[in-house]
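This structure is in structure tokens; I'll ask about it shortly.
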Amino acid sequence: MSTFVLVHGAWHTGQEFEAVAQPIRDAGHVVHCPTVAGNNPADDRRIGLGAAITSIADYLSENDLTDVILLGHSYGGMIITGVADRCPERLRRLIYWNAFVPNSGECLNDMVPPHYVAMFDAVSAASPDNSVMLPFPVWREAFINDGSAEMAQSAYDVLNPHPYATFTDAISLNVNPAEMEIGKSYINCTEDTALPQSLGWHPRLSEKLGLFRLVQIPGSHELCFTEPVALAGAIMKAGRD
Amino acid sequence: MSTFVLVHGAWHTGQEFEAVAQPIRDAGHVVHCPTVAGNNPADDRRIGLGAAITSIADYLSENDLTDVILLGHSYGGMIITGVADRCPERLRRLIYWNAFVPNSGECLNDMVPPHYVAMFDAVSAASPDNSVMLPFPVWREAFINDGSAEMAQSAYDVLNPHPYATFTDAISLNVNPAEMEIGKSYINCTEDTALPQSLGWHPRLSEKLGLFRLVQIPGSHELCFTEPVALAGAIMKAGRD
Amino acid sequence: MSTFVLVHGAWHTGQEFEAVAQPIRDAGHVVHCPTVAGNNPADDRRIGLGAAITSIADYLSENDLTDVILLGHSYGGMIITGVADRCPERLRRLIYWNAFVPNSGECLNDMVPPHYVAMFDAVSAASPDNSVMLPFPVWREAFINDGSAEMAQSAYDVLNPHPYATFTDAISLNVNPAEMEIGKSYINCTEDTALPQSLGWHPRLSEKLGLFRLVQIPGSHELCFTEPVALAGAIMKAGRD
């Protein structure tokens, strides 16, 4: 029996991981799906990356979780990297699921193509609270390309505006991911075009982990909606010793 | 119910799409499989790219087709790009299936490796009518690598000499594909080595579409022969809204 | 009915191919799984690449095998390339399974990333007989990433120290693989991270074969342990005419 903590990506909350958590629980494990500070409905969107990381580090300590298999999706890779740097003693393994892998001094925007940065800059400037949303056509074509039109719309409807400072704040680490002395896995969905595949997740970002275990699975960036049971299986393969 | 028009690649005719069309029709859609001018048995092989594009644009207007999901395979990507530039009002979405994606001023030969151009130059020069054929070993190993020897031979036997000017004529477009205001999908067969994967279809050519939907499926460049039902499924996923 | 000869990779013996050979035999073929000189329990680990190649060339002639489909896994690609150069008249087709493809004058170490060479240099220098082993964490995470912890351990337990000179000796060929007049196939396991995918097996090494047939299959570098039946199926597809 292992303890998994699943950290969602931008625009999501922990609630969107519940359908993934259930098959993992059915296999006998404990699964937590916390929501990162800044993504709860009532949260101030002016929160920065440091406070977002703190919220998950605090979640682990408040629940006294140890030997944790900590997964981050997309933006969640920034969070779990920061948590691993702050409290490695609570962790057994990191799993990056199509997630950003930052070295110290990097921000999320350093790892996305310029046209995304330009889009985010424009959208956040037009927002009342420095938050960003994805235009629906980008979501439907590049993020949830394996879903039906109906699923794309219903999933879009549960997204929340994301605190943009968490994309522009550089992370500060004592140890870069490649040097972290902990098991590391990377789950790559082979049809994930949320980043263009010429400037993609794997191997461009995965190999920043140094020695890591690769698990690949068909599907888009939003497999938590389109194939939650298959994703749960990949997580258990990525998480085992 | 949607209307699909499937445009074949070089050396093929529309007939080779019939086994793919059937499962799409069985799902309730209308499917047309026209043959591009220059590939019918009686056609003059000295035809150029402009006339080839015109033949499919004319097909749409003569049949008064609207809201069309227009698919092009391989060389067919040249055709559907030209059709989309000329009569966008008839189209709902473009689907490129391991297809060339030209910008204005490019010809097909600009997107293939030099050893293919040299081979095509030599074969066409030796032909009576500036046409090209594929040597069987290239077809068997690099185009239909997932088929049996028997299927490779029987499929080769239905190929027709291809008008080489359609490879060397530059396309002239008012709008490049990335700027076309229409849904665009790219189907990539993951074992397609008709182009070497270091200079391959996806993401090298797919990303010329700008925002597009990726659908991937196992198989070779000639899935219309080796797995027509699976290809039909991918086309329906690529074609939906 | 065909005759297959399966040549194992570094640290392995022919015995580890028996579970792969059985389904091929069940399909009516003859399958040989010789052990390359230097990898038998009693062999001197100071053996070089030339003697290793000779041992398999001798195996073919001693058993008077002709029309052979000769497969090499990983390091075995060095062996089968050398055998094909010496006795092409005995061969029908070469199959490289996530294998090295050398041109004349290259050694295996020329095709691996610098951090592997540094690791091998250090390990061999500390050995009594210029042999190398893989550290277990590298094996578990990067070689057999699709297996359970138990399978990773039990497979590791049957590995043997590998003669390091076979990695550092340059091969001498009359004809480079791209110019060899014989059928050539490459089987690529899509989750093989034994080489980092940014400096990987396919297409980086496969395309040194010139015209070749690609067969891809999910799994790690050690599919002979994790999915021997699926590997057998891929080998039969790669080996047919």
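Quick notes
Read from first to last, the chains carry the letters A, B and C; within each, the first residue is number 1.
One rule holds in what follows: a residue touches a chain if its C-beta (ideal position, glycine included) is under 8 Å from a C-beta of that chain, and two chains touch if they have at least 3 such contacts.
For each chain, UniProt lists the protein as follows: A, B, C = AB hydrolase-1 domain-containing protein.
Note that the structure is a prediction, hence the values are computed from the model and not measured.
Contact topology of the protein chains: fully connected, every pair of chains touching. Matching the C-alpha atoms of chain B with those of chain C calls for a turn of 120 degrees, to the nearest 5. Comparing the contact residues of chain A and chain B by number shows a mostly separate set, under half of all numbers used being common to the two copies.
Chain A and chain B have Cα centroids separated by 37 Å.
Counting only residues that touch two or more partner chains, chain A has 190. Against chain B, in their complex, chain C makes its touches with residues 183, 190, 202-204, 207, 211-216, 237, 240-241.
Residue ranges on chain A touching chain B, taken from their complex, read 137-138, 140-142, 145-146, 148-149, 190-191, 193, 196-198, 200, 218.
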